[in-house]
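There are two complexes below, and they share chain A, which is joined by chain B in the first and by chain C in the second.
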Partner chain A sequence: MAKTVVLQRKPLSLSERTYLPQIVTGLKTTFSNMFKEKVTLQYPEEKPIIPKNYRGVPTLVKDPNGREKCVSCQLCEFVCPPKAIRITPGSVPEGDEEREHVEKAPQEFEINMLRCIYCGYCQEVCPEEAIYLQDEYSSSGYTREEMINNKEKLYELGGTLPDSHYKWDQKKTAEDQGNGH
Partner chain B sequence: MFDFDMLLMVGLKFLFALLMIGAVMTMAGYSVLAERKVSAWMQGRVGPNRTVLPMIGHIPFVGKFLQGLGMFQPLADGLKFLFKEEMIPGHVNKFYYNLAPIVALVPALTTMTVLPFGEFFAEDGRTIPLMLANLEVGILFVLAVSSLGVYGIVLAGWSSNSKYPFLGGIRSSAQMISYELAMGLSLLPIFLWVSEPGTGALGLSLVDIVNSQNDRAWLLLVQPLSALIFLIALFAETNRLPFDMPESETDLVGGFHTEYGGFKFGIFFVAEYAHIVVGSAIFTIIFLGGWHFLPWIADPWPATWVGTLLGIGWFLAKTIFLIFFFIWVRWTIPRFRYDQVMNLGWTKLLPLALINLIFYVLLVTWLDQPTT
Partner chain C sequence: MSSNGNSSMITINLDGKEVDVPAGINIIEAASIHGTEVPHYCYHPQLSVAGNCRMCLVEMGTPMRDRGTGEAILDQDGVQKIGWIPKPIIGCGTNVSPGMHIKTNSSMVKGSQEGIMEFLLVNHPLDCPICDQAGECRLQEFATDYGRGYSRYVERKNVKPKRTKLGPRVTLDDERCILCSRCIRFCQEVVDDDVLGFVDRGSFSTLTCFPGKELSNNYSLNTVDLCPVGALTSTDFRFKMRVWFLKESPSICTESSAGCNTLVSSREGEIHRITPRRNDAVNDSWMTDSGRELYKQVKSEDRIVTPHVSSEPSKLADAISSASELLKDQKLAIVGSCRSTVEEQYLLTKLARNTKAKKFLRGHFGEDDGILLSSDRTPNLRGALATGFSVKYPTDQLSDLSRALSKGQFETLLVIGEDILESGISQDDLKGVKVVFLGTHKNQTSALADIVIPTLTAFEKTGSFINRTFHLQSFKQAVPGPAGLLPDLNILSSLINSLSVDGDQSADLAQIWKQLSKSATSIFHKLSFSSIPSDGLQLNGEKWSELDFVEKKALHFSPTKQLQEA
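For the complex of A and B:
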């Protein structure tokens, strides 16, 4: 068991009891602080560096070939805790050469940014890696309607991201070279 | 017959008074800015740097520099206070509530009438001190009038009819009374020292005090203890941290001005800073040699209007340094507890000031004894 030691404080000397030397020390500290580098970020001109895996505004992304990734499975709509996502499913027309690997695509995809809580569940649940919370953090508008991001806006915000998982093209190339799973 | 000279003199005095008020009020406004800037720098921040006037902001280099220093901020702050809605809460005593800011501001501005801030070298060889009214009892006038400022705070606290302002007012009056004594006592040795027989200095004149420090030691060096006590009492009298009992915002919400808003609050604010400006000027006059150069060194500037301007500039530099010192201390030392303030005032500073006085009485008596 640890032994408690009561430290005896030395009685203050005369100069210490006036507190003046201590005040002078404090003044020196604050004075030297005046010339140190400032921590202020001049916000609208200077933006902070957004770390990786930041959970910003949810966006829809396209695959590296520029194709729509979302297949409107509606898992994100289902998992969304504040019910911010609303998907109107639609089908991909027959005979579309580029997109014959999928059957469905969202006809409309809306995320209400007034409801969204930036939890990232939609990104976590998406089997197609189609929805990402990216580095955009500042969303504002004059009306409630403006704050609902529709499909067009979501793709505009999302852009194209490289596939970060061992799926699709990555897996195909690996298999072609004979070292797939 | 119409006395034209008399009219000219009154007119000139009036003009000088307006100039003086303008100077002190501008300094008070800019010490608010200095407070914000210095506090920001000491805390690793930048401080106000956005406000800008449309025309001046476009001057290539200077405009940006002034904007970065926040030079237009006091203007914006003042206008904001001016155009805010004047709210009068329903539970206040309206007459005294409206009177209080005026009572707080008037003494702060009155004390500056007797402040000498330079000297003018007339053609016939006389030197005329630059001040509005050359009173023989300058320092008495300053002490008497500046402590009237507490009435504004007490009135504000009482007429607000609300508990936190009331506590602030009570604390303020107790604090003022306690430190007034030490302040007065710390100044007595100074006047004993200055008005030694044969020098012809008239006891209580501020001009004579300044001139007694010309090419001799500053009184700060002669009587450091008096200077220290006076400085501490000055901090208490101006309600600055570490003695800002009347408005200690952590325990009294806003203190005596909790119920005030808009321009009335602005007047309290300006009065506080005007007190600091005037207090710094008085400390400069009494202890730092006023407009005279350095201790033991005669004024290097010629006895012409150039010398007058340089002297005024030097006086202003010292005053501004002291204002900076006030701000510097505020952002360094935490606030005293109320009982500690009272304890320090009555059981430390007052006896110390008395001992100091007795010591100098004996010293001056010993120095002045006629050599036979």
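For the complex of A and C:
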């Protein structure tokens, strides 16, 4: 059993009893801040600078040639912890010169922003580098339906990002130059 | 060298351990019995051995003997020396022999596997994100398990045709093909429809149909299941759903009395595909293409989803109570179905006994293809015999019922799923006769029925069927039924309960099986629903050997009458 020890408090000194030194110390901090740089942003008139790698609203991006990158592999749908992503896979119709060889593309792509937790797993898992969490951070709506971003909205938010691979263009070149058949 | 006194078992040495295996099997099978995986692509237990993928390379040695005298050669410790073959051998094409030594994880074997994987991946497009096989692909699995982990190949890959239509249901992606020839052997050996072959040589080799032919037989989709990679894809399932989302439920195909074992793949209550489940006593690993399309009936346009009383939509409970009002104290005839489960047929028999109703059974018949599509196009005709619903072999035309109706012998008809207007009953016959229809889909009979009670398809309920070889097989619910509907068993049991004085019929499968197995003369004696194993249970159908079953000789089936003659 631990013993209980009762400590004796020292009596307060005169200056401590007046509280004046403590008030002065506090005011010193207050007044010193008046001459420092302002850190408060006047949001929403003023917007913060978003750092690189910020995880904002997930978006779908197109390659610099304006082509859809997503092939609806549904890995993001699988990895999404709150099940915010819902994809209806579809195929690229035969006869589409530019995209025929990619074969697959999403028919519909929905991200429910009421469910999304901005974890960025979808961006990490995407084998086509088609989904990015970009710098958009404020999304709002009047109804639940409005908060579900469909494919059109996702491409509008995403825009175009630089591409260092042009994976499917390489594939097309190989096909055209013909290695084999 | 026999062990345990069992002459069909031999002892081999697998990775340094002495194990007993049946004689005559190959190294892949022997290793798998003892939990060791020998990776393979071209070998399939139900097809001939081709030995062309070289993935199953293992090291093998046999006990050494002197060639002249035949005496065992011993080492210093007096143990017989093992003569190791200097190069690896294929596990699929080598049968085990007594005393054989096998190494499945030596550095030579690992080196061979890495080498083979590297060669297979040289021209593989690696388009897993758009490949339907991803998630159940042997190439993906073995690349991670036995592959090198990185690619040394910098040259440009071969380009081959991507969307070749081999037939109405199968699409070929040539780039992904690893030339294992399983599909070719399947068509030759199982279906006896030789349509596929390889053309060109080396890395230009391509799978193709012979000129003027196409892969259109009713078993073509089995080649898709057989394909260890994503080369052969089902045109119906192509790009529809990734396999890792699918929940697989064991089921039985309802197409014919062959009773193929199946897996029903669904996601969130929607069925996406049906694939065969291996059962060496029934369907090996195959099923028909037509059977795979049956899932479409679940969401079809003509599905009955609301109960109707006198053509007015009503609640299910109201429909059931008005049905029992209609059936009470009437001259009743029941038209049963060979598509009902064993349990439903039992309850229907009981209902007929309680109401002193006359029983009629309709069969459905078609062409027999000699493999897995039998002439009897219902899954449970033998169930109707076994439960005592019918003693006669059913026919397509209900001429007995037609005659009785024209004489005015019946006031009420209870029809289970069947379209009686299609089987020789005319609208005039039904004048003044009340019809209660229980079924899943609309037909002419449901259109004129006074009471329509919707029931569930085989995908939405649990039960059992008896197939053409009297093999009792159970199936599990794969997806939930339409909102507000009840399984057939519940509807039948509430009809029984409301029609009899001491109604205590349970709709619970275990309870029904207790009643079914009570009689010592029943072929269900001492059985219970939970005791039916996943690969089914063989029942003794001798009692009905005098009946003229229509099925012809087929895979794992020979007609009993012919057997007796032979």
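The rule we apply is simple: the second predicted complex is superposed on the first by the 132 of 181 C-alpha atoms of A that agree within 3 Å, B and C clash if a C-alpha of one lies under 4 Å from a C-alpha of the other, contacts with A are read in each partner's own complex, and residues count from 1 in each chain.
Just so it is clear, a contact is a pair of C-beta atoms (placed from the backbone, for glycine too) under 8 Å apart; a residue touches a chain by one contact, two chains touch by 3 or more.
The structure presented is a predicted model; accordingly, all values stated were derived computationally and were not measured.
Participant: Just chain B (first), just chain C (second), both, or neither: which does A:166 touch?
Facilitator: After superposing on A, A:166 lies clear of both chain B and chain C.
Participant: Contacts for A:26 in the overlay, against chain B (first) and chain C (second): which applies, first, second, both or neither?
Facilitator: In the superposition, A:26 contacts chain B only.
Participant: As a test of reading the superposition: which chain, chain B or chain C, is in touch with more residues of chain A?
Facilitator: Tallying touched residues of chain A, the top partner is C.
Participant: Contact-wise, after the overlay, does A:38 reach chain B, chain C, both or neither (first, second, both, neither)?
Facilitator: first
Participant: Quick check on the superposed pair: does A:74 touch chain B, chain C, both, or neither? Answer first, second, both or neither.
Facilitator: In the superposed model, A:74 contacts chain C only, not chain B.
Participant: State whether A:118 touches chain B only (first), chain C only (second), both chains, or neither.
Facilitator: Neither: A:118 stays clear of chain B and chain C.
Participant: Between chain B and chain C, whom does A:54 touch in the aligned arrangement: first, second, both, or neither?
Facilitator: A:54 contacts neither chain B nor chain C.
Participant: Taking the superposition on A as described, I'd like to know which of chain B and chain C A:102 touches: first, second, both or neither.
Facilitator: A:102: touches chain C, not chain B.
Participant: Could you list which residues of chain A make contact with chain B in one structure and with chain C in the other?
Facilitator: none
Participant: In their shared complex, at which residues does chain B touch chain A?
Facilitator: 38, 41-46, 228, 328-329, 331-333
Participant: For the complex, which residues does chain C have touching chain A?
Facilitator: Chain C residues touching chain A: 125, 128-130, 134, 156-163, 203-204, 206, 238-242, 244-245.
Participant: Which residues, counting only chain A, touch chain C once they are in their complex?
Facilitator: Touch residues, chain A against chain C: 71-75, 77-78, 89-91, 94, 101-104, 127-128, 171, 174-175, 177-181.
Participant: Contact residues on chain A for chain B in the complex?
Facilitator: Touching chain B: residues 20, 23, 26-27, 29-31, 33-40, 42 of chain A.
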